[in-house]
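Look for subunit A in each of the two complexes below; its partner is subunit B in the first and subunit C in the second.
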Partner chain A sequence: MKITYIAADGTETEVNAREGDSVMQAAIANDIDGIIGECGGSMMCATCHCYVDDAWVEKTGPQHDGESDMLDCAASEVKPTSRLSCQIKLTEELDGLVVHLPEAQI
Partner chain B sequence: MPVETANLAPVDETITLRDLHFDPYPIYRRLRAEAPVMRVKAAGRTFLTKAADTKFVKDTPEIFSSNDPNTPMKPAFQAHTLMRKDGAEHMAERMAMAPALMPKTIQEVWQPLYRDLVGQYLDRLPRGEVVDLHKELSAPIAARILAHILGIPEASDEQMIFWSQALIDGAGNFGWEPGPFAVSDHANLEMNALLEKAVERVRANPDRSALSVMVNAENPIPMSQIVANIKIAIGGGINEPRDALSTIVFGLLTEPEQLAETRRTGKWGAAFEEGVRWVAPIQASSRLVTEDVEIRGCLIPKGDTVMTIQASANHDEDLFEHPERFDVFRAKNPHQAFGSGPHHCAGTHVARRTVGAVMLGMLFERFPGMTLPDPSVVEWRGFGFRGPINLPVVLN
Partner chain C sequence: MDRILIVGAGQGGFQAAASLRQEGFAGEIVLFGEEPGLPYQRPPLSKAYMADGDADRLLLKPASFYERSTITYRPEVRIGAIDRAAREVVTAAGERLGYDHLILATGARNFRPPIPGQEADGVLELRTLADAVRIRARLAETRHAIVIGGGFIGLEFAAMARAAGVGVTVLEAAPRLMGRALSPAMSEFFLAAHREMGTEVLLGAAARRIEAEGGKVSGVDTADVRVVPGDLVLIATGIRPNVELAEAAGLHVDNGIVVDESLLTSDPAISALGDAASFPLPEGGRARLESVQAAVDHARHIAKRLLRGESAPYAAVPWFWSDQGKLKLQIAGLGTAADESQDVPQPEGAKMVLLYRQGRLIAAETVNAPGQHMAARRLIGAPRSALEAAGYDLKAALRQGAA
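Then we have the complex of A and B:
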């Protein structure tokens, strides 16, 4: 399946991702700058912050329990579309997902 | 995984704790190349020295548990602390303190205060003569800002530093000698007395300190754990920023071109990240293995204790070119100095936003002619925690 990461400067990178991985894991596996994921997906560091593209917000669903508390720790502005990318699990219906990356993660 | 067919990891009987204390990096380089899963007899632990393995362990708490109540940490802290818990219990105690440590609070409260404090501490430093920056700046400023963040500003720098070291020495007292516990008992008495009064103060006058947010929470965690959390933060919140600062300053002063470029570009944050990668203040952590598991073809049996060597992960040739060199301008720096997983360092944001974002710039702006006359006199120590133990500079 495909995911597109759009960096803060507009650079788009489309990658092949594995179903079952998180959007954070797919970014790390594909060397995407702009996602750090320092705590490995435990919702402890807020360095995998992303903005889900408006067209995909419904499919990615709401923030998980505890996610908004940790998003308060994000380095860049938190918007209604903000998610921790470690909390978005890739399912079939997310094939083609587009996420935007913030200016900074730390 | 076909665990039943795997062999136990090889055993090393040559490495000594003394070697690790003085200079572990050549040992780790050899282990990464020859035996990245190695039972080190002197430590009684299985060492994991590759970045992928240390991260796997930290990110898999279901198999690699922090919950080990039978370590010297319990008598040292007179409590079973969150450092040695897993799951919901760990999370509840950690999140109780989190509001005081989050970026918004740091930016609004602690950063402005830290800036003032740094100014005062820099004012006291003498110019034109040799001064031990480690002792005169790195340690006391780490103690001072921590006292404020925790909500115990009445504690002196000397008290904070003494308590911190007493707790660390007690927690590391794997020989179960009476001496270190006697010292940590004394420190506990002093901390308990001070905390009793501080709790009353923050009840009457709430602020944004860790003590206040825990005491005044809608559903507070038990007082015993509030006290334990404060002690964990004292034990774990001074040596790391102290050692990070001294390490980074050493790195920059011994790489003048990098210092000039960092100054020109203002990339103090990158200098901070590189310093904690280069010599991680917390070098190693332990996890208890709760089920048989295989790593790189080696069986790690249930009941074993593994040691993740972050220091080595941060020098892993798979991730870093010339890892032994301090290099602020690395394209990527995926270090594990703050750990990973549920126990990812709770002080990360504070460290980055004080030492990294404030201190380095202020220090080099105040003393642009700072020199390290003889780098060879700087001594480095530590296996669990590591950094320089002196930093004799001349300020100008």
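Then we have the complex of A and C:
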């Protein structure tokens, strides 16, 4: 399945991702700069912050418990579309997902 | 500066290499690791990896990262010596490589207490991916696992094994669980939680001998003369920092490689970080922390010093986590020097213990309360009175400007 990461400078990178991975894991596996994921997806940091593209917000669903608390500590502006990418699990219906990356993660 | 060498390719060594490039270092970076494969994360080995067995997910970065960042990664290379006079490292195979700066990220190894019988088949430990692969394969045919040591790793394993339907007994020699890291109130909470999960927890129970039948482990004889039967034994009795390389090179070593507030060793051409480094705390005293946070923040600090010439002392607030079953333990700060502990009532399923010294918050231990934890990271050092004014709701205290 495909995911497109759009960097803060507008650079788009489309990658092949594995179903079942998180959006963070797919970014790491495909060497995307702009997603750090320091804690490995344990919700201990906010270094995998992303903005879900407006067209996909409904499909990715709401923030999980505790996610907004972590996002309070994100390095970049938190918007209504902000998510921790480690908490978005890739399912078939997210094929084609587009996420935008913040300017900074730390 | 033309060449920086990094010894140790755990999360700290990896981060040092990545941060040096991020900070604009244009010279050569060589990262030495003793294990095979690309640098990976250790924390999931006792958690997510046990569930999914997917080693690819552990990688810190794929191979392409090292290529495009021109980081020379050299796996399966042990460094045998540092020739400080010549500013060279010497590999175990005798190869010499010069450095302008050397970063020691040698980490730690598991401590094996002198319990007889450890050579039996089925006696395992958990530190590396190879260890985790062995445990995972073995667990599928295990009926009852015995964990020696009730610390983070042992209890994470216990929770995971219980979830997989395996019987578990935890033997802890001390009177309480995770006693080196946690307040008594939090130890008590986890004791009840693990018993609730169906784990048998024996406190004050030292393992005297590992019993075997036909070469395979069959149980553990505890000091109170009860033999606990089991077909897998995990030894999880803490770690020892890898300081021998530094010590042999004449660097100052005392419970870790001793560094100053800028993370330099007693040789200004050598820095040290992570589990192996004993560093000064801003509030006085020293610490050697066994955590991802310290390894990563140390690495970033060293890179900034080397590239930007920043001389600010290292002062990051420590944080830790441990996932045990459905319980997410989070710790901000260091509570070992506390003179007062406060169990703050939380909603059902959550827990929070605040630790103070001389009326100021020095640490917060929380379970399933990420908002409180994140606020606590910014409230370390705040006076108790400011927290009291917010009803000990740390998020509210932060909003009210308690930090």
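One rule holds in what follows: the second predicted complex is superposed on the first by the 106 of 106 C-alpha atoms of A that agree within 3 Å, B and C clash if a C-alpha of one lies under 4 Å from a C-alpha of the other, contacts with A are read in each partner's own complex, and residues count from 1 in each chain.
Keep in mind that, in the parts below, contacts are C-beta pairs under 8 Å (C-beta built on N, C-alpha and C of every residue); 3 or more make two chains touch, one makes a residue touch a chain.
Everything quoted here is computed from the prediction, not taken from an experiment.
K.L.:
With everything superposed onto subunit A, say whether subunit B and subunit C fit together or clash.
P.N.:
Because the two structures are overlaid on the shared chain, the partners are seen to clash.
K.L.:
Check whether A:Ala75 is in contact with subunit B, with subunit C, with both or with neither, and answer first, second, both or neither.
P.N.:
first
K.L.:
Looking at the overlay, what does A:Ala55 touch: subunit B (first), subunit C (second), both, or neither?
P.N.:
neither
K.L.:
Scan A:Ala8 for contacts with subunit B and subunit C and give back first, second, both or neither.
P.N.:
After superposition on chain A, A:Ala8 lies in contact with neither partner.
K.L.:
Looking at the overlay, what does A:Asn30 touch: subunit B (first), subunit C (second), both, or neither?
P.N.:
Second partner only, subunit C.
K.L.:
Is A:Asp21 contacted by the first partner subunit B, the second partner subunit C, both or neither?
P.N.:
So A:Asp21 only meets subunit C here.
K.L.:
Between subunit B and subunit C, which makes contact with more of the residues in subunit A?
P.N.:
Of subunit B and subunit C, C contacts more residues of subunit A.
K.L.:
Taking the options 150-158, 204-212 or 222-230, which segment of subunit C carries the C-alpha atoms that clash with subunit B in the overlay?
P.N.:
It is 150-158; the other listed stretches have no clashes.
K.L.:
From the superposed pair, tell me which subunit A residues show up as contacts to subunit B and also as contacts to subunit C.
P.N.:
38-42, 44, 66, 69, 72-73, 106
K.L.:
If you look only at subunit C, which of its residues touch subunit A in the complex?
P.N.:
Contact set of subunit C toward subunit A: 41, 43-44, 48, 56-57, 59-62, 64-65, 68, 292, 296, 300, 319, 321, 323, 328, 330, 370-371, 373-374, 377, 395.
K.L.:
Can you list the subunit A residues touching subunit C in their complex?
P.N.:
By the definition above, subunit A touches subunit C via 21, 25, 28-31, 38-44, 66, 69-70, 72-73, 106.
K.L.:
Inside the complex, what are the residues of subunit B that reach subunit A?
P.N.:
55, 58-59, 95, 98, 102-104, 269, 334, 338-344, 348-349, 352
K.L.:
Sort out for me which residues of subunit A touch subunit B in the complex.
P.N.:
So the residues of subunit A touching subunit B come out as 36, 38-42, 44-45, 66, 69, 72-75, 106.
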